[in-house]
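Going by the order they are written in, the chains are A, B and C; count residues from 1 in each one.
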Amino acid sequence: MTDYDAIVIGAGHNGLIAACYLAKAGHKVLVLEGRELPGGCASNRELAAGVTVSDCAQWLGQFDRDIIKDLKLVEHGLALGEVKRTVALQTDGKHLVFDGNSVSGAELSGEDRDAYRRFTRQMNAFAGLVQKLYRQRPPKLVDSNWRDRWTLIRLGLGLKLLGRENMRDLMRVALINIYDVLNEHFNHAGLKAAVALDAVTGSTMGPRSPNTVFHYLHRKAGDRQGQEGPRQVLGGLGALGESLARAARSQGVTIRLGSPVAAIVKDHDRVAGVALATGEQIASRIVLSSADPTTTFKKLLGYRHMEAGMARRVEHYRTRSGTAKLHLVLSELPAFSGVATAELSQRLIIAPSMDDMEAMLNPIKYGEVGDQQLFDISIASIEDPSLAPAGQHVMTALVHYLPHSPKEGWEAIRSQVVAQLLNQLEAYAPGLKSLVTQVELLTPADIEASYGITGGNWHHGELSIDQALMMRPFPGSTQYQSAVPGLFLCGAGAHPGGGLMGLAGRNAAQEILRQGALS
Amino acid sequence: MSRYDAIVIGAGHNGLTNAAYLAKAGLSVAVMERNPYIGGATVSRELYEGWYYSNCSYVSSLLRPEIARDLELPRHGLQVVPFGGGCTFMRNGDYFGNYSDPGRHYREMARHSRRDATAYDRYKADTSLQTRLIRPFLLKTPPDPTSLKPRDLQDLLEFARSFMALGEDKLLDTIKFWTGSVGDYLNEYFETDVIKAQHAGSGIIGTALGVYSPGTAYVLLHHYMGDVDGNVGSWGFARGGMGAIANSLSKSLQSFGGEIICDADVDEIIVKGGQAKGVALKDGREFYADIVVSNLDPKRTFLDITNPKDLPADVVTKAKNFKIRGSSGKLNIALDGLPVFNGLDPNSRLMAGDLHFSDSLERMERAYDDWKAGTWSKDPYLDMMIPSLTDPTMAPPGKHMMSVFVQYAPPKIDGREWTDEDKAGFEKSVIDQIANYSPNFRDLILHCETRTPREIEAEVGLTEGNIFQGELTFDQLLFNRPFPGYAQYRAPIKGMYLCSSGTHPGGGVMAAPGANAAREILSDLRRPNTVPGGYADD
Amino acid sequence: MTSPDRNLMLLTTPFHRCIADVCELNDWGVWMGYTTPNAYFDVELEYFAIRSTTGVFDLSPINKYRITGPDAEAFLNRMVTRDVSKIGVNRVGYAVWCNDAGEMLDDGTIFRFGQNEFRLCSYQRADEWLAWCALGFDVVIENESDDVAALAVQGPTSCTVLTLLGCTDLNQLKPFGIAHYEFDGVPLAVSRTGFTGDLGYEIWIAPEKAEVFWDRLFEVGKDYLIKPIGSYALNIARIEAGFLQARVDFVPAEEAVRPGRTRTPLELGLAWQVDFAKPLFNGREALLRQKETGCTYRFVLLDVEGNKPAHHSFILKNGKTIGTVTSAAWCPTAKTNLAFAQIQMPHGESTDALVAEIYYQRELHWTKVLAPCKVIDAPLFNPARRRQTPAPPH
């Protein structure tokens, strides 16, 4: 006898979404979460008295609209802010503002502005095709069934429908780097860097690295099916986690917080449940893991419980990350040179040029900290005053590139790195340092420690072509079904990958229901 | 002035091959060469008395055996001698010897890591699998995936079939290989730095990418897919230097009645009514033909010697965007004797192979960082050979010829042109690198020819000094080479064709682009094909 | 100064001096990087030493891995297809192992010296695969190939000879058993195992004592007509006994380049080695699937008419090629012309009329023979002495 039809490991957004869809289909589902809060990377933390920070992720841009509708998340309390414009800060104060498909800025030529419109139109068309692939299981190529072949046919037709030139262009650029593509389109260095930032976020790639166009399309596909661009969740990203938890409970899902899973348990040749850190064993017909593949297979299942070739694939699965997060509590609203106060609530980014970005990347390849970083900044308390006591503000920034394991060890250099980051921000926002009442740096290693994401990689594994689509996470464990019977993947380590998108959870649940794994 | 059936611009190996096949089909053909000597980048030049410099390309493996045999190159004097093996010197005074004999190779690898030595069988099998996949497509025109023509569809189907035969997991592994970095690929097999470094070299040679850049595993494949006498992946020296290849091709061409005109610097392709009519030279001479084949890289072809008004606008844009990245330089050195390297017996056979000094992927990646920053590598990756240990014609007895290929050297320094001081600095970084491992090296140097991308471009006409006439990245491979829609050797002007390394299957002394282009030309002329197909693989 | 290239010459085994002394033909081959004798004096006479007296084969180059630690048994059990827990202490078991796709990587023998102490002898070098298999297990794997010298002492008089050498009560040792002795102050392990299908033993000893052992062995064995044997003779014996060899009868999966060239144990007649009752082992899922859907190939022993060995022959049925021969030999004791063949399913039933297309050359003249052959269930050579305990006196 089993206690549950399905156990979902992890109450991150993908785990909760998978649980909701399974429960909606009438199954008895238990979600186990090690932390005391639901949401995983979509969670809040009280950074100082009365100051709430979106602890891990920062923006919600790619979250699937259908999931919001299907799970009635708005009724369960989800409220989103406005779509943000992106202000690319320039050293000379002549900033660029990206608003949907248009860009403006003092130093920008008409040619670049037109090129940007053309570029976004083309990328959107490509992203539309990618999106088709994202909303279903990735097709197998050889052992394909009619469903896979139908996906491939639709993809082929979609390619044809792009028109011959676009089709050729997509096949040309899909595997290459954003550096060359942007140089083909634009002249303004800051413009190119601002676009390139979206192509490298959350990775250890620089603009010159092949695969960055794919990475960019991943993000664009997310925006398209999601929220049209970065938004903040009112009440902090934790509110998304909370609303998902409420939605899940309303479907009859049991969520146990503070219950870390210690192991996935096998009975004979299939997965039969989980063991908690407390020693408690819970049986279920299937287990879905929303943890990253390395955690799922190496830590929870254990290499000894799978075949050796699969263990080798897990070992080779790449989970490097060069993204850190900086949290600041400010005594009052800062001033950024050349940015109107009304614009401060927008997304502010610092990315000087693609060549600078590339130079910034170099040190982390060798476990070193460079002296310049890229920033993706949000002052969430402007649009959402509930996040900080009146007058005070909370500012967060995604910071690229910082190494996961610097040679000296993080503790030896942390305060020095924090000072260096503040100095860089000070250059754009004079006086900022004097407003900082509290500062915290979450390095990739910290993110790994707090959220159990191997390598601190928020995509649950590098999102390069060889670890994407039908290769995600690795051959033998694709289509959400791991090579171990009874164990499914429903996290960002499964197709279509990371970012707060929710599709991995939804697709996994749908695939399980379709396969009849629970019937 | 003179009239021919076909004119080929550029007497490099691809131009000569193309011309030879056209001549073999009975066309009257003339090859226009800018320099007073033929060969382009396959040359042997006596730049210092008694020493012959293969001063651009320096080793042979990729030259398609089907072509060498079909054009009777051995009869016309070509002899390719394998050198076998090589060596990577390590900073700690040790070295890794890459022996050609499998048993000795195992024992040397096991000296560094027993685990790596056993992993090598798996590495070799997996890499051979990829090689076998690509080889059948070398002597084929790439199909156009946007086309619905029966021939394109049939070729695409064949392509798909050979991939599907692998089965799901191996097919995915193949995609992984084709899109991954050589560093990540090697990490899946080996644990020892020097063993990874030894194998990674082939992933970056001639390429503006680092060992951790995705796409470099394919470049590795590009260097593995050739063979000497059927030994796939093995390399050799053309006896008498690489010029022997061009010379034998030219003799073959002449045996079919073809002509080569040196000191003929083409200024522009003459086009009338959308039809190529011949070429006009810088010295005012004009030659006429209804077929004009350019062996220049796509940039030079479309931006320098074609009038933009004769071209569709998109082709000009595509040519401008075509990526030719200078990433390498070369030193050719005449030596008074054999240098001695720390830790290695001077009598070791390894000395006759390819020698390297980068003993870790990190050092190679840092060398690439320098290139990205717009300067030559301070700790360069060298692919160094002493051909005179294999080929006695290269230097006087007891003396030696050394060829040092250098990765990386940028096309411009910090955005500006190379200066002579830069060149001296570049030369010093290379000489220092070698001298670090060889105490007597400096004293043996009699003459050193240093070639930065600037010199290679100026003399050979390779844009930015790029040895492949265009980066081997996915946007420029197969049906994308040189650009989508123009990958079947036809230029957008009637009667004008491309046959350079800038077309499929790309660079290296392969002669396949020249041959493939000839096949397409003959098919357009409705003449019987003279170009051989690829050997069926075993 | 010795050239470093010379330092990488073929190795010689600990018995090399002794072997070189008696290798009258000076006919050498290479095995696992060691110089090993192909033949000593006459291949056929060497072969008959195995079947009628005692043949001694230098086994030292075989790959030997010491596997110890609390998870040693669990580790091996996950790696090989059979149930290792059924191998008792001081017992040996034949084993095969596969990749996740169920494709054969290699076969070998597992020696169990203690609860948590094993030796794996493998035909292929396995350092890397063992390291991958060890992930997640508390085991220590040491390559002890160079630390243990080994001889196969095989044939009807082998028990007597080894007993005279001091292996007391060796005749009580059951097949696949291990007995421990002391020789010249060092431990000597004797296992009743071999690659000949006859009564025989393998001895394992420290390399320093190899030469002394050899000399003593041949001294006491002289009256029992002990002879050294080379790899050619051993090959005949192993074919006669029906033993497979990696790289000859199947391609180790991780060395295979061309699609469709790998084989599973089920396709190699080794289904008896695959224990599906075990919860997990490498290749289990794939082999289970194959068990249901059926194999593409089968491995058969063929009794080929006539006396021309069917080396590399095609196997035909109704004029159509349905398989190829991997190993073949005229078996002098069984008086059979035996061949191992891989046959496409569903062919190769015992009722099938098969023909071997054999080519042979005599005086520069090539002849093609279409020799009828029949599928046999088991090797025709399988003497009672191979299984008897106590081992029969010669």
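Definition applied: contacts are C-beta pairs under 8 Å (C-beta built on N, C-alpha and C of every residue); 3 or more make two chains touch, one makes a residue touch a chain.
Worth saying up front: this structure is predicted, and the values here are computed from it rather than measured.
When every chain is represented by the mean of its C-alpha atoms, the one lying closest to the mean of all protein C-alpha atoms is B. Counting C-beta pairs in contact, the pair that comes out ahead of the other among A-C and A-B is A-B.
Averaging Cα coordinates per chain places chain B and chain C 47 Å apart.
If you average the Cα atoms of chain A and of chain C, the two centres end up 54 Å apart. The distance from the centre of chain A to the centre of chain B, each centre being the mean of the chain's C-alpha atoms, comes to 41 Å. The multi-chain contact residues of chain B, meaning those touching 2 or more other chains, are 166-167, 169. Chain contacts: chain C has residues 101, 129 touching two or more partner chains. In chain A, the residues that touch at least two other chains are 476.
Put simply, chain A touches chain B in their complex at residues 140-143, 160, 164-165, 167-169, 171-176, 180, 184, 208-211, 316, 318, 355, 358-359, 362, 365-366, 464-466, 470-471, 475-476, 478. In the complex of the two chains, the chain C residues touching chain B come out as 1, 3-5, 8, 10-11, 30, 33, 101, 125-129, 131, 143, 252, 254-260.
By the touch criterion given at the top, residues 97, 99, 103-104, 106-108, 111, 114-119, 121-122, 124-125, 128-129, 132, 165-167, 169-170, 344-345, 347-350 of chain B touch chain C in their complex. Chain C meets chain A in the complex at residues 71, 74-75, 78-79, 99-101, 129, 132-133, 135-137, 279-285. Contact residues on chain B toward chain A in their complex (touch as defined above): 145-146, 164, 166-169, 171-173, 175-176, 179-180, 184, 187-188, 209, 212-215, 314, 321, 323, 362, 365-366, 369, 372-373, 473-475, 479-480, 483-485.
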